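Listed next: structures, encoded as structure tokens.
One chain, chain A, links the two complexes that follow: it is found with chain B in the first and with chain C in the second.
Up next is the complex of A and B:
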């Protein structure tokens, strides 16, 4: 076999090599691409309203504001200020998140003017009595899961990758999540959460996507339905602003104390 | 008092007239019931109604670089004249620079980490007319410069003017058999005009949050001395220096806490310590509820302090948070004197009603039969309390 023949033979093998990417590798590659496309936003401010609905259809409302700062090579810094319900108004949470291990969190209690460092282990607990757990609202980091690509599936006008994500944190309340990520922009469309007994617990759907700074997509509406208790929570984002000039000095215990 | 009333009235009108102000606050209806008659025949028996109004006016200027806050406290009580008053909890201007803050006015400041006692928390005077748990404080005039550095946050406090501790009145409950009334006495010739100073450094070092504090001035904690007529007690305020440390290690589900101080006063030098842990189990009983277990030990070697209830005591408690829509919570606390004295019991349940109301039910019990135990004087002050609080805000 001459050299040219060898090259042709090798080249003809290439498609096979590409296809030999395992489902795990493909799942990881999709996660990395999604993270890469959502990197470089620097800082963000927004308002959030949650409407909690119980099985009888009774509603209660939570409102809060967030400030977030992207930290290169680490998790984000965040400041959350609670406005409603009224009895927790003025309460604020400062968090330094980390891709692996525990986050650092401080809570400001306005009645006592006290800053209290709190444990961040409560990942699976409900956030403000809603159907969102704390871990559902923290920033996405690649090392938080192990991945497995399952299939392609149409989602709306787009086509979605369907990927299984298994939490690496033993304190997670889930055995796995199934996520639907669209192929055109790598945006989340749907997440199914499976509880510790591996039965379907919740479904989260994302809608009203808008693009910021010509790059970053944000869903303005997220609806979480709990299939086991019949409750649901609709989370609506508003007043989303990027590149607002926040820096490290807006995320320390002094800024936590004066957050309003 | 009257001067303050007029001043706050004017401020309130000026503030609410401007639409740019954030106007929020709460109104509380507090019902108390004492099953036993007090040791002093002048104390009221049975039930009591109290109304508390806590409005708050807030505004920020210059893109958040300057803020103003005004928070008065008004209380009207059915029986206890000591609880009829107006106080300014906050009247503050805060200016924020690049890596510093200047906070000027009447303010509240909190130092410390432990739950059952607030040992090192020395800036503000406690308002013990509201309750005896030392969680309510009087506003303290101050200029506070705060510097943010890589090696920690440094706070300097200039504290002109001293506030005497508030107590239940002659007819009031939750007091020892003799009421604390009459003008206070001071070690310093400057009386309540003595200018105090304080300094604090605090820093987060990985899992540990550490604070070191220094205070020089009028001790907020008075010595109580019998008045000449034998019918009341008089508060005597000493000068002191306090050096304190507070630390918390946050290790997973465990919070390890320590507060300690050394105080130097002219009559004696003494030390105190409060240390323990808070351990939380998440998702207990197969539900969304969190159960926190708290254990603390308190020690104090002062011979002089009148209200030194906790010289060698153990505190235990639990906190059950249901994490439901109404944020239902149950808190139980217990203290035991390890020198053979009495103990105290606290049970507190609370729940939000709708979006703007909160109801809570509290029981406080004092069990003591040793006359040498300071708790002995509170043995008939057991109490049941129901409170209903309404919250409002013009921010949506």
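Up next is the complex of A and C:
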């Protein structure tokens, strides 16, 4: 092949490259915008009820309380206190999430009166036996994924960006997620999770959005359906409060033991 | 003669053409006929064992699996190279379609205490090199860990399993399993190429399901052509006619094509048993054509022209062919009483095929015989005088006084043995040693564990009740008791995990390898542990969502149905004695198969009885005598009884395939009786012959035809007996035995019986 032909061949590939870059850039831009719109909430407290269901129709309820603290330039800090089932009442989970690398987690076990560190590489397992993995519940950070904008699609009365997100952490349980983000408020409407063999594993849908502090949208109901085992889990949020005066000292091993 | 046959003889080409068009239209449905590769097809929707098992799967998780059984040629799993290879395969195995979990020695979630923390990680870490001392340590842990020992790793550390759990959606059973197996084999092939020093076997429920399909398809490819060839050759030799042979083969081929096509249009699935339909239809429809041809040739040799000979043959044979077809169809329709759907399908398909073959034999077959040139080989008249049938008749008549008691003794003696057969449905032994699945499973049983598995769901009756120390102690006691049973290979129980966690939480002190003694502790250990587990290795397959019940999975050496039912009873007995307040549910495919033989035999008894009543009515009507109808019951019932008696002496184990044989063969053996008795009565009533003469007449006129059709039938079912799928092979062998016995009974028992009961009217 002579030089000119090579140039022509390379130039003819250019539009493809530009297009591919655009889709990825657009995906990234959407993620950044979503994060930007959800920045500045400082701290939050809420109650959560988890309803687990299996294919036989059996149900089980767990209740917990959640405290979260926004950390500038890093992942959020979280404190989860378990109220139900009764035999884990008072158990509390402290987590420091990080945009890159493993999160840090500690669990306080009241029956042992000890704090145990959890090897958080394994964040892909089920959270309290539910269909949510721990990684589905941690704070959204832009560097956690690589992005690709796919298309626009109507969602309810709104229009959604449909974006593919590929986890950058090799310990993730997923090959990719597909998310639906509405264009008016950059809220999540739906997430599809694809397992290691790239087949659809779960679908998460968000509903009952309410706005707080005139800015931050929170879904009060999140339903995760596992398509492979027929189980599902519904998260019902209530009593969401922002700006409650939490600070760093509420999120350390000592505060973990005091939490109840 | 009926107008259709008349029309066929008058317009042969038109009928041949029309029939061909109709058959092609019907046969097009055959492309819809697909094989359902799923052992569950053997169980009706309301089967209680299936219902229990399905419920358990909905509560926990499905348990279909693929087992990659790995045997390194150096005899040691625990070398760095072998462990890395297993790790690689473990990773690859996640790519198997519908996989939800992969368990291997390398990704076993090993827990240790490190300072005050609980460390949960792969037994063989992925990224770090293995230090020399580490290999020995990994080996020590693996071959002593109750969760791995004999399930994942053999006790001597020479064989290991990578077990893939599947969640088959069950929406498209025709394609799901083959899709899984295709990928599994591709993974195996790539693995073997990269690691030629490790032998790989494939076992597991999904492999078994696929083997149902593959062995039946292999049978279809080899046994059906073989059977066609045998039929063609035997007709050509016995009747020495090309056109006749061609015509017979055409009738059979059309009957099979139309039957399978109609089944396809009707939305049937193929299964192991119902895939034998072509062989059965083939075997059963030969007789119609043989009777028509032999009468026709007889007439032609006696000077009749082809057309007249054919008309005469059709007139004479119409009623007997119709009667025998109807009784055969009734026998097969009795399979509708079976508890197992594939046999119902088989019965309906074969009954359709037999009736289609009848219709073709009285329309298409005469048309074809008219359309094609036909010559008759010259007959050797000398042979007639030396007719072996005549000699046989004379011998039977001469020996009648001792034949009757001797035969009676034989019939009774063999029949009383029938109940001593042991019921056994071992789904592993459904496949003979030629089948790779069987080889793999035998190898696995030899080194690790068998395929017999029992799932026990223990319900505490309250939310989070599985953490209650009292409940846990009972679960542990049950698990320990199971381990003490001589048949047990492995018991998978949550109490082992809890004991290990308790030890870990106390600085790995072996003294703490015991159940936590309060509920909060157990609950919090599990919470901590669950939060440390990666995707696919969670506890959800052992605990229900409410944590109110737990599943114990016990695997055993391959057991017979009787042993499994015995084990099941012992489990319930243990519960009654030691934990009467526990709610236990016991279910598994092994238990389903253990009960299916029994259930099927009970349901088939009813079916066989119904068929017997119907057939007796038809016989009474056909023989125009109530008394003769009753007499015919004996030779009709005796063959099945004797057949099972012989089976008891020889094999001694009966299962699903044999449970339908009595009903199925009833319709076939009755044909011989109809032919023999109708000729006998014809001689008595119409020709006014005395008893002995009438017996002689019956022998001479149908003896040869009966011997030929019995030979063809027995050959056909013996071909089926060559199947590598035991359900079909046993069904074929037993049917062949029964049919041969039926001929013996009709030749050596029925005539002396007739001469005895018919004495006062005939002896002059």
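Assume the second predicted complex is superposed on the first by the 239 of 260 C-alpha atoms of A that agree within 3 Å, B and C clash if a C-alpha of one lies under 4 Å from a C-alpha of the other, contacts with A are read in each partner's own complex, and residues count from 1 in each chain.
Criterion: a contact is a pair of C-beta atoms (placed from the backbone, for glycine too) under 8 Å apart; a residue touches a chain by one contact, two chains touch by 3 or more.
This is a predicted model, so every value here is computed, not measured.
After superposition onto chain A, the modelled positions of chain B and chain C overlap sterically.
In the superposition on chain A, A:249 contacts chain B only, with no contact to chain C.
Applying the stated contact rule after C-alpha superposition, one finds that A:63 touches chain B and leaves chain C untouched. Legend: residue contacts after superposition of the two complexes on their common chain; A:173 is shown touching both chain B and chain C. Within the superposed three-chain model, A:239 lies out of touch with both chain B and chain C [touch as defined at top]. In the superposition on chain A, A:113 makes contact with chain B only, not with chain C.
Of the two partner chains placed by the overlay, chain B and chain C both lie in contact with A:54.
By the touch criterion defined above, A:125 reaches both chain B and chain C. Comparing chain C and chain B on the residues of chain A they touch gives the larger count to C. With both structures placed on the common chain, the touch criterion links A:85 to chain B and to chain C. Touch criterion met: A:102 reaches chain B, while chain C stays clear of it.
Clashing C-alpha atoms with chain B appear in a single stretch of chain C, chosen from 76-84, 148-156, 274-282 or 544-552: 544-552.
For the contact definition in use here, the residues of chain A common to its chain B contact set and its chain C contact set are 52, 54, 60, 85-88, 111-112, 114-119, 121-122, 124-126, 129, 173. By the touch criterion given at the top, residues 52, 54, 60-61, 63, 83-89, 102, 104, 111-119, 121-122, 124-126, 129, 173, 249, 252-254, 258, 260 of chain A touch chain B in their complex. Taken together, the chain C residues at the contact with chain A in this complex read 55, 57-59, 61-62, 94-100, 116-121, 167, 169, 463-464, 467, 505, 518-525, 527-528, 530-540, 543-548. Interface of chain B with chain A (complex): residues 22, 24, 26, 58, 60, 67, 94, 96, 98-99, 101, 108-110, 113, 135, 146, 148, 153, 202, 204, 209, 248, 250, 252-255, 280, 282-283, 288, 290, 323-327, 352, 354-356, 358, 389, 391-393, 395-396.
By the touch rule above, chain A contacts chain C in their complex via residues 52-56, 58-60, 82, 85-88, 91, 93, 105, 107, 109-112, 114-119, 121-122, 124-129, 133-134, 171, 173, 195-197, 199, 228-231.
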